[in-house]
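Order of writing sets the labels: A, B, C, D, E and F. Residues in every chain begin at 1.
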């Protein structure tokens, strides 16, 4: 939760509320007494197995819409949920609970979706040396939350963005002229705090990369057999990352091919939202 | 495209680039000559049938990363794409093309995903009186783009947010004490430019809503048979909206039950990203 | 007060203080000990009859300039004020009270001015079916406060802005080609949560509008006699709004002509500020 | 126009448009073809004598809503307008002209109102040594525009805000203990680039202020006779400013009493908007 | 501290943290338990004589990174520090203390550097009539803090920026055509709350400036002898400011030449940072 | 220049101008005709040897204050300057040139100061394997510019901030319990794109760090002799960084001790501004 705590979450939530509430929640203003208090209950409307994520946001969202809400998170971050479980209860100004409902649920349904998908991939490779890592294929503006959800689901984070990792891709190799040139330029230019990772599409490229000092290699769309060969070439000190069109069906074989990291775009680019609902009672 | 043109798209794109690029694209800075020019080609890596959406963003994204890019959109907004089609070509400063790639693709893969899903629902109810409409279950910060994609896919937009529609839900009815009270309060309070829509879970509620002047009724989780009865009660002047757990399998029967609107959360909350790739060549 | 509570008031106040205080209140910094405490008293320097509005802002303005101010609002929101009445007392850090004075008074003198003018119009049509509504002729940046003051004065709000109502004006009719075209396009395009209102300058246009499904009609610069005829044509279910150059002298006759709404730009575009003063004593 | 040019006008206009347009101009999007071009004509619907102000804003407002508008300002900044005059014509994308109309007019009606009122006061004291100056009683967020309009009307600006002038008021004197203390503290503390002005309510205070080095004196609510005496005490080198409840009826006598400056809050706090209208034709 | 209190310090600190922390403090997140508490001690690693400045920032910086930090400032604002002194202790969430360390120290080392340098110049002219004043040669974005540090060091502030003082420089004189023209234009245009200061490079210019009503004169790069002559010409009522390449070696003679103000760019443009360190212990 | 190009420079410049110009440049507005054109010449008032840096900013600063300025940069980025050289000429609106002068010079005098200092350190270690690197001891808000100036001076950048490098310091080791724990936690937690660097104060710590997989080691305040021993322990594959109180006098011996990197805080925390002046002529 550490990294997440340091982004300006409130700014993100304020923008989300500005988008949804705009000039005001007309329906609630019309129908709910502004002084009334209420209790909201958030329920997971899914069969067992969902990984819940994002509960800590409830306090912050409702603090922006309801005066001094009291939040009780019943399901912990990363916990697997029983069918129909109540995830949290919030006491507060009734009108504010209703106004904040959709922003809160939109974020939790996304984050729980990411965590749940990640867990499935993590479980699929249990016992291997590989880690599941995310990609930069996230929803613009929501990357910190989605990468946090990957961690909650048991995965690991790849670089946050273009400034926190060196990853030489095919296009960079073409621009630099060769694997050798690209690697040398990167080692010269980039701060020494970074490893230098390079994408390879063939075993010949893997050999060239190793010859010129790559310390991490991304194996793009290789078969498990090719990956095994890459491992043999690379020895144990060089990190190998598998990437490209990996699914729950194919991932076990890939992990068993001996890679260190398997990056899966679908964790964040094609999320199935978890179905959450909020019911409020006047108290 | 009209509504979309009026939001501050550049602000959204700048924030998206700030998130992804941060302090700078280290890899590109290291490996690509800053003066080099290049041509990027965006390809749809999917079987036929995808609805392309978001092409107009390319010019704006790359204008922020590459000096005076020239964009040729080959696939039009809303066009169904052949397998492997090239969607667009962009000429510009090579480094800038690489730096903007991911933000551009992240947005287009999402918007094309929304448009494609919408089209499937729209096709499924062809010939009926019903319209497909979206919901507020969108990704925070991206609602304007997602609602635009729904229109490109042939759907219609429900209210943008809480300030552009009156929709009295179960929780509001409970807070106001009765359907009657809620409707009266809403009609008195809300600007006269709004219709007043109310959610009903039973036919008895539908009758009560009609009796107290509702002009739109959301039928929550009703069966097609119940919806037919609701139509009989409501006559033709009152708008009926079907909502709740609607899938591609169930939607035709619902549309044939005579509702005016069918709202589908999955259009935007559980989007499968369209697979796009960008390849760059030095020119 | 509900809608108002949801805009970012503090942001508006911070900008107002930035404008007035800039790099700092030099005079106060020079002449007032920074630790001194004081009591400020805000007085209405007007004859009886003023409607006071905006008192809730005092706490928020002075919270931004003075540490933990204690505000006692003596005159309630919307109360008619006796001559020379003390409206509020604020205890706090003396320097901060002086620094925040002008921003606080500038807002309250405007809002009380709007509320007072609105009350006069509301009183003038007492006993008729008509409501006083505001327009979009407000001071840029201050619309939410001005529309709130209209409600406090007993008026009602028209749409907040261009995104919260459909109002087809003469220019739109010309662009669409005809009343019929404009109405059909609006009904097809706009979310179903909106009524469709159209501006008519003649009774012939009123008839055409009714024939093509308008549910609200703005009668532009019509005489009371014409308005009566419009009502006869429209029956009771269609909302009629009178607009255009309406004054306190002419408004009663208009209200008695049977319209539902009378919109008055002068409520907000030509406000006479209420004269307020603040005196501070060291405590 | 110099000072004005340096504030971030575009930021102000963007906020004004965000307030008015919100998520989009639904009516225009529905009824106007997005590619259509149009010509807008802005007319002053008032008898002769209005001082026009703000024309330079048209280009900037419509640049934000319409692609490459061509603006012809027919009435110059500060020109007195004939009855019914056309002030400006704008060619551009028709939809954008309609969307920007209200923000443009709201600003011009305010600024022309301020300039017109200022001109009346300036004319009333023609031939005397006095200048009309404004106050800080402005609409929060719009001060730069209002102070600019005062200059266009022939008036002069008092300090912009609390950081651009030292003006010791009654409350500061009380806090500092005496006129002497307040003046000494101000001269010690404030940057030497400022004159030190002090408010006096009696001639005795004027004498004390002069004795302790005041170089400008604000005469608060004095009669013309008292002002004459103040001038006699002060000699010619000390600036005298008359302030407090000054009207068009009383101002000539005040100017003739020999003050240098007359500050008038009503120039900006109680503005009567100038009636402007915009008609658009399709071209 | 008054003026400083009124700028938006938190905004500045938030931006500083955003710059340094970015997406998160990876090292701390990895190595420090998020719940651990700690005590930080800030030490001045310099010989005696440093003037400490900026201690009040510690509470605000760490409030943004650590939950409810308790700050004990041991060295007061402006106090001269013994060698190796502990300046402050902060108890708080350990991870947050580490994350905020660099931003806090970067600001304090700068401000203490400014205050220390200022004190040296102030001491050097003790007993003369002259004041040390700063210039606009500050680090963009940090001017308010640097000008505050000048005051803490015993200096005075010149104008904050271009809007809080009239200072006619050589370039302005050239543009206006003559000293006379420049002075007349400035007196006519500028709000009466400002004195008018003019830069003179020769005694002839000084005479011309006096003849046309200058009330402050900046003596640019003059010798002490020339300054004495300028004083003789100006008499006592006109403020004289010495400026241009003044060092600790030359300043005493300048002060003794009878000027009122000596402006020193080096106070802020060439600051030697004070060496501060922070050590944390787990508690 | 690549990394720099991607931050929002204009935003930084706008804030810098807002700080310096505030509500407007009163002196220039008063004395310079707003239509007048001028030519500005920026001169380096220093003996030979200065490294010029920041010239590319001139176009952007003056674009914000003067309409369409034409900038001719005469001295290139990183070029050593002859005594009294003209660095650049700018043609533009005269008033805008004067208004932007100070912000432009403040940035260039800082950046040239950083580049000049860096060059001296780089020259001092010529012929060794070591690189000069910067630190995070920068002026808050200006880090990107300062780190760019370090590169222009021939140095290299360390991590930009806490999110772009793992550097385990003494405080982290204490919190984690041991070098071993800290290294293991960092390798597990941090994205694999980062190397793991650790600060060591003794050779014993160096040994422990190597034993547990550190790939970079910061040698804190070690003597050259200790550094030689550290190199012997580390072999050639582990990066060694010298840090702590390094001066121009001591640096050569350090570089010759065989470290890879020498980090110098004084490059950015104690910058002597380069003396630049701008003269303008009317054209």
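Just so it is clear, a residue touches a chain if its C-beta (ideal position, glycine included) is under 8 Å from a C-beta of that chain, and two chains touch if they have at least 3 such contacts.
Bear in mind that the values here come from a model prediction, so they are computed numbers and not experimental data.
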Result of counting contacting C-beta pairs for B-E and A-E, higher pair: A-E
Centroid distance [mean C-alpha coordinates] between chain D and chain A, Å: 53
Centre-of-Cα separation between chain E and chain C, whole angstrom: 45
Centre distance in Å when chain A and chain F are each reduced to the mean of their C-alpha atoms: 34
Residue list for chain D, restricted to those that touch at least two other chains: 21-26, 28-29, 99, 160-161, 163-167, 191, 194
Contact graph of the chains (line, ring, star, complete, other): complete
Touching residues (chain side chain C, partner chain E) in the complex: 14, 18, 21-26, 28-29, 34, 65, 95, 99
Residues of chain C touching chain A in the complex: 1-8, 144, 160-161, 163-164
Touch list for chain F against partner chain A, complex: 133, 156-160, 163-167, 191-195, 197, 216, 239, 241, 260-261
Interfacial residue positions of chain E with respect to chain B in the complex: 22-23
Residue numbers on chain E that touch chain F, as the complex places them: 12, 15-16, 19-33, 36, 38, 94, 98-99, 102-103, 105-107, 109-110, 113, 136-143, 160-176, 181-182, 185-186, 188-191, 194, 265-266, 269-273, 279-282
